[in-house]
Every structure is written in structure tokens, then in C-alpha cells.
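In the two complexes that follow, subunit A is the common piece, with subunit B as its partner first and subunit C second.
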Partner chain A sequence: MDVGLFSQYVMNGLMLGMMYALVAVGFTLFFGVLDVINFSHGDVLMVGSFTGLATYLGLDALGVVWPVFQLTAVLAAATLAMALLGAAIARYLVLPLKSAPALNTLLITLMLGTVLREGIRLFYPEGANPKPFPALLPTDATALGNFNLRTDNLIMLLAGLVVIVGVHLLINRTKLGLAIRAVAQDEETAKTMGINFNLVVLVTFAIGSALAAFAGIMNGLYYNETNFGIGLLLGVIGFSSAIIGGLGNIYGAIIGGFLFAALQTVGAVALPFASAYKDVFAFGVVILIMAWRPTGLISEKVSERV
Partner chain B sequence: MTTTRKAQLVVFAAALALGMASAVAEAKEKVKVGFIGPLSGGTSSNGLGGRNSADLAVTLRNADPNAKYEYELTVLDDECKPDKGVQAATKMAADKDVIAAATHYCSAVAIATVDVYNRFGLPVVVWGAVLPDITYGNDYKEVHRVNGTMINQNETAAKFMTGLGYKTWAVIHDTTDYGKGHNKYFSQFVTENGGKILGTFGVTADQQDFTAELTKIKSLKPEVLYFGGLTPIGVRIRAQMEKLGLEAQFEGTSGIVSDTFIEGAAGLAEGVVAFREGAPTEKLPGGMYFTEQYGKKGYSEPAEAYGAFAFAAMNLILDTIEAQGPNRKKVRAALNGVQGHDSIVGEISFDDHGQNTVALITKYVIQDGKWTLWEDSEYASGKRKLKGQ
Partner chain C sequence: MNRGHASRANLMPGTLGIAAATAFLILFLSVESQAGTAVLLLGGAVFVLGAARFGGIARMRQSFTGNEGAMNLVVVAAALLLTGFFYDDHFTLLLVATVMIYMVAALGLTVQFGYAGVLNFAGAAFFGIGCYTAAVLTRNTALPHVLVLLAGGVMAALIGALLLLPVLRTRGHYSAVVTIAFTLLFKTFLEVNDTLGGPQGLRVDGMNLFGWRFNDNIEIGETLELSFFANYVVGSLILLALAFAFVRRLERSWTGLNMDAVRLDETAAACFGYNISRWKITAFTVGNFLAGLAGAIYAMMLGFIAPTNFTFGDSLILVSIVLLGGIGNPWGIAVATTIVIVLPEKLQIIQEYRFLLYASMVILILLFRPLGLLPRPLRSYVPGWQPK
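And now, the complex of A and B:
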């Protein structure tokens, strides 16, 4: 395999990995603060993608054609709307069930995911059809042998990196982050220390869901298409990534996301049998990793979680 | 005029209208016929075009004073998904008032539903699905098909492309029966004609990311990328080929012959070739008549590539019911004996598997955002060139 081809595979894998990591971070944040699994997360991503698309179409109808402004507006609308949706999910579905068995939260969010998916399918104009997503980033490409380096992919990767670093700084360097970590470690103690528990939960859900919206826009820009079903597989993959990384650990989720993308790429490229089995291969390895390290690659220190 | 009087008038008018409607109904016995196709999802444009065409056949028949019955069209959506298709087929077949139906565009759905029609004894005429096994894989007397199969289509495709001088192919196909069938027949015929398949990639029918497969294909350097599947992933593959800088000629099957493919792929659609059984609508014996009537009705969606077949399938059903009366068993027997039946897609003759014997395959190339007959295109005259030519 020559260098150009290898770089192309790496680039393909990185793009996928970045999207998976962004979704996985959401799952892990939710689990961190409340020990719940929010299975509507993938569909929140999809709704974010459609919100962005609708914003673009609205601006287009108003005659706004400046790509920088369009992109900013699309991103702002999608992330803000999903942050609100995420907070609403926490406030009205997750927090009321806080003392109920975890299974209830899992089921209710699973149902919500279906409602969101079917809602877009039925109520977005011709929502059952795949929708073309506009190319808002520069589309020029440089061919380096077998490697086609595209400016838009590069920008998306960098933007993803900036977002992830931003989340890292937010969690580790701000007072809000301190509160989130405190709640994650011990809810009761955090409360007695004067931390507004409900507010921290709402903000965490808002951040996680905004990340999903960002991933949704990225998904649309990368494939120039979006459809009502994208959240289903991205949700499952994001969840698996969070699990192999160690649920509750942000770095684990990021590693998990990129690891899953790498597994898929290897599955499609290096294995002798048909590429149709690349997902089977990737999920198979996830099962093996879980059997080997049930708490994930980077498990949370138990002492921190008492 | 006071409100009460207004209301009285409305009631009177409604009663009058009802009376008139029932008078018409009394004159002719009502007979239900069915249509099933993908009305939502990525292939819905073909389904809606087919539904409109079947509806047109029913409307025209109801307007005919010589028709013995008044027909009512029951329409169901199969979403191009086998599970939904079986639900729709069961619902349709279980309704004993439905005498016969024109069914399915998607092969994966059509093959899944044949057992249902056989079990319930509902005679059907397939109007768009091309998998050979739908008619040839069983001995069901209920299943018929007016359009051709993918065997003839791929034979012509292989001969034509090797004739243009192409030597190497990479194949992407979806792993449903439809895509697997295309892969099987195309690979067979292209090898027989001296072509070489460098790599074959099976993908799921709703896959989003093809970059890994396409990057591998890029390293194989094929002259042509053959895609055996339907429009939605066809659009994705075409777009992602461009993103990876894969410069191969894109060759599709009848599964991408739809205006949706051109809309979805936009500028990248130019120069894509595909093949479809049967003549193009405008060159069909009754094509002009069909296009004119379709235009008159003012449907909001175009008839698409298989509209004429849906029209012909429904007309064949209506003709048979007119002759045999609204009885499933009699209609089934009569359909099995159809020979040289005149229709807008040419004469329909069913062989012992209920398969119409149409040998004609049309070659298409997309030129300036339109599916153009190869023979009429600037690519054939040499003015424009396919990739690698």
C-alpha cells in the first residue's frame, strides 16, 4: 500500500472517528453526572442536522447567500436548539425518573428517540426522502498521489478538534466544569457544598446535545446528505465507543470513537472477505474488548465514584 | 339570506350530491383493484410515478361508458422495505374485495411478498421489480410481471460496455437479493465478453459511508465502477467518488434510472450510464397516448421510468376483470393465459412462469441533467466522451 492510499484511509477514518467521538462524549457526560444512558442521543443529532438544514433553506429563501454567515447561522441554530432540547429532555424525562430504576430512563429515552425519528419522517416536508445537504465549506481538493486532500475535510477535522479541546477546558478549567465533576463524583456531597444539582444536570445535557448537533452538521457537510435515519446507527456506534473507552470518562469516549472508526476502516480494507461485514467486524471486536475489560479501556477510579 | 336558510341549502345540496353519487353506483357494480409501491423513502419518486400511472389507468377506465364495472383503486406503501412490503401485501391480499393488484418496484420487496399472494390467492402483476426469481424462482400461478428481468438488462450492459472498449470493472452492489442478482448476472456476462472484475464490494442498502470501499477501488484503478443497487446509495457513492478523486466511469442499473438520481447527484450526474428493459416511454407503441393523458391529469409527480409499465399492468388487470368478472380465481387463470395482449408497452405475452417476454433493453446516458437515449446522445455521436474514452 503506498503512502497516498494509506493517508486516504487515515483521513477517512479520522473523519468518521471525529463524528463518533463527538457523539460518544455526549453519552459519557450524561452517564457521568446522572449514571443514565440517554438513548435518544443519536436522534437528537439527527434533529440537529435537520435544524441546520432548515435554517439554511430559510436563509436561502430570504436571499442570504454569504457562505460564512450561512454556516455560522446553521451551526448556531442547530447547537442552540439541540442544547435546549437536551435540557428539556433532562428536565422533563430524565430528572423526574431519577429515583426510579435506570432501566426506566433507558426505555423512556429509547421511546423518545423513536418519536423524534418518526416526527422528522412524517412532519418534515418529504422527510422520508434523503435530503441534499449544502456544501458550505470550500470544496477544492489537492491530489497527492492517491490521496485527495480536501479543504472542507481539513476544516471539519480542525473544528472538531477545537470543540473537543474546548470541552476538555470547560470540564477541567472552569467553575462549571468543577461543578460537573463534583456532581459526577458524589451527588450528595456536591449538594451540601452548595452546588445546584438540577442546574448542573441541565447544563450537562445541553452541552452533550449541542455536541451531537455539531456532529450532525459535520455529518451533513461531509456527505452532502442527511436523512431521518442517520441517528440510529450513529447513536449505537457512539454508545459503543463510550463503552469501550470506559463510560463516564471523556478521554475514553474520544479514544473509543476513533478506535471504532479505525476498526470499521480495517474491516472494510484489510480483511479478505466482503466489506459488507465491516460493521459486524467492528462490533465483534467491541464485544471482545468488553469481555477483556468490562469497565472499558480507561475505567473510572472506583474511589472517585463512592 | 339567513344562516338557517344557508344551512338548509347546504344540506339539500349535499343530499342531492349523495343521491347522484349513489345513482351512478347503482348503475355499475364496484370492483376494487390494488396498487403497492414505494410511496415514501429514497425510491419514492418511482413509486409515486407508478401509483399515478395506475391511477390514470383506473380513471380512464371509469370514464369509459362501455366499462362493465366501476373501479376503485386501493393504494398501499411498501417503503421499499421487505418487512413493510409483506405487511402491505398481507393487508391487500386479506381484503377479499380486492380482485387483483399491480405490485412492487423494489425487487427485495417483490421477492418477499410472492408467498403472501400465493397463500391468499391474490393475482398480481409486478410493474417494476427486475429480479428474475420473482417469477422464475417459484411456480406460483398468482405472480405475473409485465417488465423484463435483470438477466437481459445485464447481458446488454456487459456487451455494450465491452463494445466501447472498457476492460476493467470494480463492482459495488447492495446485499439485498436485488443487488446480489445484479452482481451475479453482470459479472457473468462481462467476463464472458472479455471484461475483468478487479474487485467486488457488497454494501448494506442503507449504508452512509463508502469512503473505505471507494479508496480501495481507487487503488485497483478500474476503468468502470459498476453499481448494482438503488438511487439513494447510488447518489451517495457518486458524490463520495468525487470527494476521493476516483476517476472511473459510473455505470448503473435500472435501479438508478429516475429523476431523483439526477437531482441528488446534481452536477456529478453528467455522463452516468444505465440500462433499463423495455423501450423508453416516448418510443413505446402507446407512449404518446400515455404521456398525453398523464399530462392532462396534472399529477404533481412525473411518471418516471416505470410509469408506463404500471399503467400497462393496471390496464391488463382491468381488461381481464372486464372479460372474466370480479373473481380472483377466474382472473388468475385468464392472466396465466395472456398471449399477444395489446398494451402501451407493446404486446404482452406471459410464459409458463407469468413472465412477459420483452427482449428490448434501452441504454441511457445522463446528458445535461436528463436521462437521454444513448443513440440520441452527444456521447454516441462522439461530441462528448465518457470517462477514460
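And now, the complex of A and C:
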């Protein structure tokens, strides 16, 4: 394999990894504050992608054609709408089940995912068909030997990096981040220190869901289309990434996301069997990793109280 | 004498309840118009709520726990009556058999997370292993079909054994991901594997038990011809009765008691010297065996299987059945499976919206009745014992 082709695979893997990492960070944030898995996360991503698409079509109908404004509006509409949706999920579905078994929360969010998915399929105009996603970024490419570096991919990768660094700073350098970390560490103590628990949970869900919307737009731009079914697989991959990284740890989630993308890429190009088996390979390795490190690569610190 | 009298008086509410439920199901399954279906649904809901309000349900439950053997027979008789009523209706009988087969699979899941607390989000995958085993064995070997059924279960249990190590080492959400990953892996594998038919799937031969060919219509005399699905209804009823009796015995035995201890508090159970791994392995294997068994008969009944039957969504349906019925209560499973499988088929008008409505229904139940429709009662060591 020559260098050009190799770089191409690395670039594709990085793009996928960035999307997975963004989804996984959401899972891990939710788990951090509430110890729950929000399984509608993947479908929130999908709804975010459709919100972006609808915004674009609306702007188009109004005659706005300035690409920078279009892109900004699409991103803003999708992230804001999904932040609200995420907060609503926390407020009306997750918080009321706080004292119920974990399985119930898992199931209620899974079912909400189905509701979102079916809602888009039935009520978005012709939602059952894949929708072309507009190319909002410059699509010209620089050829470096066999390696075709597309400008839009590069921009998306950098934007994803900026977002992840932003989340890192938010969690580690701001007062809000301090509150989130406090709640994640010990809910009771955080409450007695005057932290508004419910508010922190809602804000965390809003942040996580906005990240999902960002990943949804990225997914649409990368594949030039979107459809109602993307959420399920992306959700499961994001969840697996968060798990293999170690729940509750943002860096673990990021590592997990890129690791999963690497596994898929390796499964597709470097292994002797057909590339169609790439997901079989990736999920098989996930199961093996779980057998090897039962609480993820960077494990959360648990001390069981009896 | 006194005792006999008491038990006869006790038998009535349960028998009446079953009779009412059977009559309702017959009406519900035979009504054609959508308006009629809606009216019946509404009427049924009002009736059940009314019965619950005036203590009817509690009396039924007492009568069930007091005379379990007799009540089981009444239920089997009711199922046969239902089958007899729809003797030549292919579609309805297929539906009835499907419900029973799903109950067997759901019983498997009950053993896993109802009793031992082992999460399994790969129910449909183990069901599918049973299906594919049946397909391969009936098409390529002359193995007697009783053994094919068993092979379906054994195969599911064996492949499940591959997951044992990660399932035992992980807990909670971490163990959920193991089975979720397995479901996706399984479906993708089937789709890309050409030997197993790829996305087109495989054909399966009909069941043939010692010369009793399930895929022939039954002719009685000159005039009466039963649908061949009646064979499968009877076959799955036998399977269900065996599985049900087995799960009830398991629950009541010291094995079930140990599993309860493991589920309720692993640490405490370990402190008292319980072997956690042993009971988790038992539950996981038994549950997968039941799911595979159900899959094998299902494949033979449908005559055709494809990977789209075994998606993550189907696994979720199985989990929802168990949760909806009330985790760990086999009778709850009977009610929940009937609702989950029959309702969407009957409400054709909302066919397009059924997943949406169905998911919303589960959300509402989880919010307002988190223990399920029929929560598992306390373990009764003495027949007829009631908690104060």
C-alpha cells in the first residue's frame, strides 16, 4: 500500500472517529451527571441533521444564498433545537425515572429513539427516503499523489477538534464545568454545597445533545445525504465507544471513538476477509475489549458501598 | 370437606377471568372492521380497569396462586378452544402460534434478567441462531425434527457460551454493550455471509414429527378441514406448556432462590457463599436455550427466514415484553406478548404508525406503571399463601 492510499484511509478513519467521538462524549457526559444511558442520543443526532436540512431548505426558499450565513444558520438552528430537545428529555423522561432501575431508563430512552425515528419517517415530507444534504463547504480537493485531500473534510476535522477542545475547556476551566464535575463526583455533596442539581443535569443534557446535532450536520456533509435510520447505528457505535473508553471519562470517550473508527477501517482494508465484515470485526473486538477490561480502557473509579 | 369447599369457591374467579379473556380474544380476533376493533379495545380496557377497581383482579390472582395446577389446565383448555374456533383461518392461527413462540423466547429472557439479573439485549440474535440452525439442519440433513428443535436450543446456548466471559466480567451498562454489540454483529454477519443466504435468507422445511407432517392441512372426515397452522399452534402450545412448567419449577426451586439472591445483591450473596458466576452462567445458558428452541419452531412454521427478522429492534421488542408484563412474572409475559404481537396486526388502520404508538405506549407505562402490568408477586412457599 503506498503512502497516498494509506493517508486516504487515515483521513477517512479520522473523519469517522471525530463523529463517533462527538457522540461518545455526549453519552459519557450524561453518564457522568446521572449514571444513566440516554439511548435516544443517536436519534437526537439524526433529528439534528434533519433540523439542519430543513433550515437550509427554508433559507433557500427565502432566497438566502450566501454560503457562510447558510452554514452558520444551519449549525445554530440544529444545535439550539437539539439542546432544547436534550433538556426536555432530561426533564420529562430521565429525571422522573431517577430512582427506578437502570434498565427502565435505558428502555425509555430507547423507545424515545424509536418515537423520534418514526416521527421523522412519517411526518417529515417524504421522510422515508434518503435526503440529499447540501454541500455547504467548499468541495475542491488537492491531489497529493493518490491522496485526495478535500477541503471540506479538512475543515470539518478542524471544526470537530475545536469543539472537542471547547468542551474540554468548558468542563475543566469554567464554573459550570466545575458544577458538572461536582455533580458527577457526588450528587449529595454537590447539592449541600448549593449547586442546583436539576439545572446542572438539564444543561449537561443540552450540551451533549448539541454535540450530537453538530455530529449530525457533520455526518450529512460528509456523506452528502441523510436519512431517518442513521441514528440507531451511530448511537450504538457512540455508546460502545464511550464504554470501551470507560464511562464518565471524556478522554476515554474520545479515544474510544477513534479506536472504533480505526477498527472499522482496519476491518475494511487490512484484513484478509471481505470488507463487508468490517462491522462484524469491529463489534467482535469491542466484545473482546470488554472481556479484557470490564470497565473500559480508562476505568471509572468505583468503590462499592454496601 | 371444608377445605374442598374453600378451594372450589376459590377456583371461580380465575376460571371466570380466563373465560372472559378467551371470549374477548375470540371476539377481538374475529372482528374485521377497524371501528369494531377500537370499540372492543376501549371496552376491554374499561372492563379491566373496573375489575381492578372492585377487587376482581386481586381475587383472580388469589384463585391463581391457590389452585395453580387446575388453573394451568383451564388456560390450556382456553387456548385449545381459541384454536378450535378459528380452525380454518390461516392468518389468525399463525398469529396465535407466533404469540406462543414469542412467549417461550420471553420466558428465556425472564430467567436471565428476571431471576438472575443478567441483562441480555441479544434475545432476537439467540432466537435467530435457533432459526438458522433449523434451516441448515432441515435442508441439509435427515435429522429427526425433534432433535432439530433441541439442536436450535443447544446451538443458541453454545454460541451464548462464547459471550459468557465478557458477560460475567462486566456489570450494568458495560454488560449491556456486550449483548448489544453481539446483536449487531450477528445481523451484519448474516447479511454478508453467502453460505447462510445473505440478505435473501434461507428456506426452511416444515416440521415433521414422527410422520405427523405439520405443513399439511388436517382433514377430519369429508367436510372438516383444519388449517395446517393448527398443527403449529398445538406444537407451540406443547412447547410453551413445557417451558412454562420448567420456568415455574425453576423459580420455585432452590436454584431460583439462589438466582434471586444473586440478582438482588451480588455482594451480599457472595458474602453468604453463593457462587455468583455459577448462577449467572446457568441463567444465561438456560435462557438462550429457550430462545433458540423458540426460534427453531418459528423458522419451521414460517418456512423462510431472513436477517431482517433478527435486528436490534426485535431484541428490544423481547425486552419490552418482559418489562411490560412485569419482570420475573411468567403470567405477565403471557399478557404482554399478546398485547405486543396481536395489537399491531389487528389495528391495520394505524399500521403505518404502529411502531410510533407502540413505543409511546411503552414510554407511558414506564412513566406511570414502572413495575409492569402484572408485577411479580412475592415468593409463596405455601400454596395459597397471601402477603398481609
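One rule holds in what follows: the second predicted complex is superposed on the first by the 302 of 306 C-alpha atoms of A that agree within 3 Å, B and C clash if a C-alpha of one lies under 4 Å from a C-alpha of the other, contacts with A are read in each partner's own complex, and residues count from 1 in each chain.
As a working rule, a contact is a pair of C-beta atoms (placed from the backbone, for glycine too) under 8 Å apart; a residue touches a chain by one contact, two chains touch by 3 or more.
Predicted, not measured: the structure shown is a model, and the values here were computed from it.
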- Item | First (subunit B), second (subunit C), both or neither touched by A:A276 | both
- Quick one: classify A:I108 as touching subunit B (first), subunit C (second), both or neither. second
- Message: Looking at A:N38, would you say it contacts subunit B, subunit C, both, or neither? Reply first, second, both or neither.
- Response: neither
- Task: Please name the chain, subunit B or subunit C, that touches the greater number of residues in subunit A.
- Result: C
- Query: Thinking of the overlay built on chain A, is A:Y9 touched by subunit B (first), by subunit C (second), by both, or by neither?
  - Reply: first
- Item | Touching partner for A:T204 - first (subunit B), second (subunit C), both, neither | neither
- Now for A:N146: first (subunit B), second (subunit C), both, or neither, which partner does it touch? first
- Item | Partner chain(s) touched by A:T51 [first = subunit B, second = subunit C, both, neither] | neither
- Message: Is A:T79 touching anything from subunit B or subunit C once the two structures are fitted on A? First, second, both or neither.
- Response: neither
- So which bits of subunit A does subunit B touch that subunit C touches too? 233, 274, 276, 279
- Note on the structure: Per the touch rule, the subunit A residues reaching subunit B in their complex are 1-2, 5, 8-9, 12, 15-16, 121, 128-130, 132, 141, 143, 146, 148, 150, 153, 223-225, 227, 229-230, 233, 264-265, 268-269, 274-276, 278-279
- Can you list the residues on subunit A that touch subunit C in the complex? 31, 37, 93, 96-97, 100, 102-104, 106-108, 110-112, 114-115, 118-119, 122, 232-233, 236, 239-240, 243, 247, 274, 276-277, 279-280, 283-284, 286-288, 290-291, 294-296, 304, 306
- Item | Residues of subunit B that touch subunit A when the two form their complex | 40-42, 44, 79, 175, 200-204, 206, 208-209, 211-213, 215-216, 218-219, 232, 235-236, 239-240, 243-245, 260, 263-264, 266
- Would you tell me which residues of subunit C are touching subunit A in their complex? 113, 119, 163, 165-166, 169-174, 176-178, 180-182, 184-185, 188-189, 191-192, 267-268, 312-313, 316, 319-320, 323, 352-353, 355-356, 358-360, 362-363, 366-367, 370
